[in-house]
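See below for the structure under consideration.
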């Protein structure tokens, strides 16, 4: 189902070498996803563009290159890799990439946050949207859910991987540390948790709101393998980082990718600030944002 | 109010040197407290002797030597050091030391866990027992409360200290890590949290139930000053350790004392096992336990 | 019929913010805590004016509740601020033990309650918080109806000793109660006198109840409207007194019909004066994304729904 | 009058343990999770027989609920086990979002509910869990009355798709329902037919209701006794049917009278058939330490209290 089938991909950072993924296509997709994000939130004047834009490369890499996914969606997800979004507020990027990876019609992005829509403000299973396996939005719960799915994979002798994404501010929630402690203690080594380290949360930079110190040291003290992905907005770097993470699975430890991103990436006035965490652009701002990201694969 | 007034104490590990505390009296008190613990839980055939016995030296040191306390109890606790028990199940040792430090009549230990008593199974403010400032029992909440009290001390320009105790298994609760992160971020340096590192919890040794790895590394990664107190059942070592902790306050970091103790300490058949976490001795076992701890200061 | 006029739509959370700003000036013991939602809770002014009394706890609501409990020791009056879901369900056990059972003087101030939170959807739209908080012994539970009342309630709860849950919302709604009102905890306010039916409404539904009463009046039905801003302790007397006169009751709340105000009223009546009752409330479903108005409409939480319920309950007398 | 005999006192939690042991043998999809209370929850057998399907999560209930939700993806049927307080209030938001709203097939099994937990005292004695769980859309809420019924319910919920809250207790109580019963979720069981009053009881209060009915019978009052093991979905029909005949009702539960079974019944009656009702329940207080019997007595949760309530409610007809 990926536009760039896995078999044709160069798996960076591992011994398996296959063909080079069509990076130029993926770069086009990234720009198109940015447009989708802006247009979704603009239309309903609500939603979360900042974190979504910062994680665009990650989602594209994950769904187009990294994950071994099936063509059709089944809740049980047997025999494929699964992804869980813990920081559910960045639904715009999730929806765009899901739609553009074939899970549901791209035009449905038009219904984002509207009443009676399957595209709820925060992702939910409740409306039956393909691609979503658990609701999120209330922060701090996704890693636990991902661990459960990973343990079921082990019980089922299914050697596919579980991926999860969470925010950096989100890691202030204690449930994460319960989960982080548990995963190490139980050697959940089919799990890759990426942290969107954009250094921002709602009330300001994470360092001002509640300085979290050295995240790498924290995860390591909790027994995880940590991979630092310093340029989370460089597609190649993201693919490499996630492949490195993959190569660290199966070694008795859960794997954490600390992915440094720029909040609002790709729209200059949204970048490097928490201001656009949960605010939609007005008409004029939308125009500027779209101009900076010209249509590539076709708007919905 | 301490039996051994602070002014007469040698403050180990600090520059202030005063008189030597009457260690032999305190050793007698420790034995008497052990008897109180055994007799309390035996009488009602319920309660938690294991953790209580392991923390006897700590409570005696804290209330008799370390804390700067007032003679009468006031909820507001202005102008004195305060203590919060997070692992509320070890109420028997708390009650015994409170009573024997003058907070309420020693005979009241007779009412432990009985209906209409002020000595509830887990400590509570609800019945107005002097010495208790917050309820505990549901684990994981005490460090947060202690932080709040510490911040109020700062607001009130009251330079007294806040002490708290929690269990090692208790640290599996995520709320603790929220609190630990917050305390470092906000430089709560008038707070000393001791962890009862007995390596046991209800279902077995902590290392089997949910291995917690290196606690020192965890606290340090979370930005705390960590003091390892390797013999938490040696009174002198405990006094020294807590004094060292005291000397580390006021330096911009919260202070953690990792206190290694022996669960069930002082009653041979209760030692080094989780079996007596929450089980009372029968008549015969009580006799053996009491014989190993002959009456010193007088039973209630 | 009394006439109530909207002096201009305002959000109830701004009433909270204004009250907190005032408390900052008048009561040095008041401290405020927030879990990374300072702007949404309208706490910016307090933060700016009293940085030393403002505590940012980050995204860690359980810790916030514990810290607030601890801060009362030494005489502070902590006001915690976050969304209603994260003020209640997320931290129920922490409130239970460290605040309610410990009788700590903490004011839990909760915005974005109910479906009118809007587009964020069900994960954020708690419809159970009244029920959650009312079950806690010693907790006072308040749900205010407009900006002015929310401001007055914010000032009042600072004077009341003991734990309080103050619930308010996100959208701009009619502001119709008086600016200089005295907020009496636990005292129902009868907004309209009537003989045919009693409407007991709370929060955003109070204005809707007034609108309903006007329409009903035009069709010859005289409705008594009670603004029951305090759900606990509940003003049983006011309710029973009115119901004895009218013989039927409609309760209206932005909450699940299970566990909320409606069930509290049903219980009081079952104990003292069994009476036909209809429930304007959500019908045991989660909410969803949409505008506040769309959601009020879809989930039957407006004047129209109240009118329908009134007709039904009068038919059952 | 039907005669019920106690086949020997047993704890309901052991009924759960026995059910789980059986499920371990018969249903390979069943997995069990526990938060450091394996013995208290009687999960040792399952753990010993199926170590690979038993998950010890330590003292981290929030994480346990999330893991359970995740485990359903791929077809497992997780049974979580801890005390009732830590199964509900401690993890309300986790259950709400990751289990109830996400419609995950998790069975939340909760022991030590209510004051009969005994000596540990109020921090452990939750009296609000029925209310907490009943407010969650999609949640099935069950409170069983004895060992046999708890075992039967444990087996039944494994067959039911969707989130379930199963509440049971610590003390040894009369075991009087049949060993080979078929547990029907949502179907009230009428234990005694009667004409003067309906007693709707759940959990440990069912046996007390039967005792009360016997005593009442001796004094010429014929009580209908309904074992309402499922509080949600509530068997409205059974309740209304009985109340139409008797004209009054007493509800009996080991729970706060706010938010629990009693208020659910009051609501159903207010909507369909207003009727005098009395509430045998705790009266909005926390519990305390004591023996189960002492506490049942002090907090008015026994046959005696039911009899008193019956006399009162009959007088109100």
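Letters A, B, C and D name the chains as they come in the text, with residue numbers starting at 1 for each one.
The rule we apply is simple: contacts are C-beta pairs under 8 Å (C-beta built on N, C-alpha and C of every residue); 3 or more make two chains touch, one makes a residue touch a chain.
All figures in this text were calculated on a predicted structure; none of them were measured in a lab.
K.L.:
If we look at subunit A and subunit D, which chains touch each of them?
P.N.:
Per touch definition, common to subunit A and subunit D: B, C.
K.L.:
Can you check how far apart subunit B and subunit C are, centre to centre, with Cα atoms defining each centre and the answer in Å?
P.N.:
Chain centroid spacing, subunit B to subunit C, equals 41 Å.
K.L.:
What is the distance in Å between the mean C-alpha positions of subunit A and subunit C?
P.N.:
Measuring from centre to centre gives 37 Å for this pair.
K.L.:
For subunit A and subunit B, what's the span in angstrom between their mean Cα positions?
P.N.:
44
K.L.:
Give the residues of subunit A that touch two or more other chains, as numbers and ranges in rising order.
P.N.:
Those would be 124, 126, 135-138, 140, 172-175, 178, 181-182, 185, 210.
K.L.:
Touching at least two other chains at once: which residues of subunit D meet that condition?
P.N.:
57-58, 60, 62-63, 85-86, 90, 93, 96-97, 101, 122-123, 286, in rising order.
K.L.:
Tell me the shape of the graph of touching chains, choosing from line, ring, star, complete and other.
P.N.:
Graph shape, chains as nodes and touching pairs as edges: complete.
K.L.:
Within the complex, which stretch of subunit C touches subunit D?
P.N.:
Result: residues 85-86, 88-90, 92-93, 96-97, 101, 122-123, 127-128, 131-132, 134-137, 232, 256-259, 262-267, 269-271, 274-279, 284-286 of subunit C touch subunit D.
K.L.:
Which of the residues in subunit B end up touching subunit D in this complex?
P.N.:
Residue list for subunit B touching subunit D: 44, 46-47, 88, 113-117, 119-122, 124, 126-127, 135-140, 169-170, 172-174, 201-203, 209-210.
K.L.:
Okay, in this complex, where on subunit B does subunit A touch?
P.N.:
Touch residues, subunit B against subunit A: 172-178, 181-182, 184-185, 210-214, 217-218, 220-223.
K.L.:
Along subunit C, where are the residues that touch subunit B in the complex?
P.N.:
Going by the criterion above, the answer is residues 31, 52-53, 55, 57-58, 60, 62-76, 78, 93-94, 96-98, 101-104.
K.L.:
Considering the complex alone, what residue numbers of subunit C touch subunit A?
P.N.:
So the residues of subunit C in touch with subunit A come to 34, 36-40, 56-60, 62-63, 85-86, 90, 118-124, 286, 288-291, 294-295, 298.
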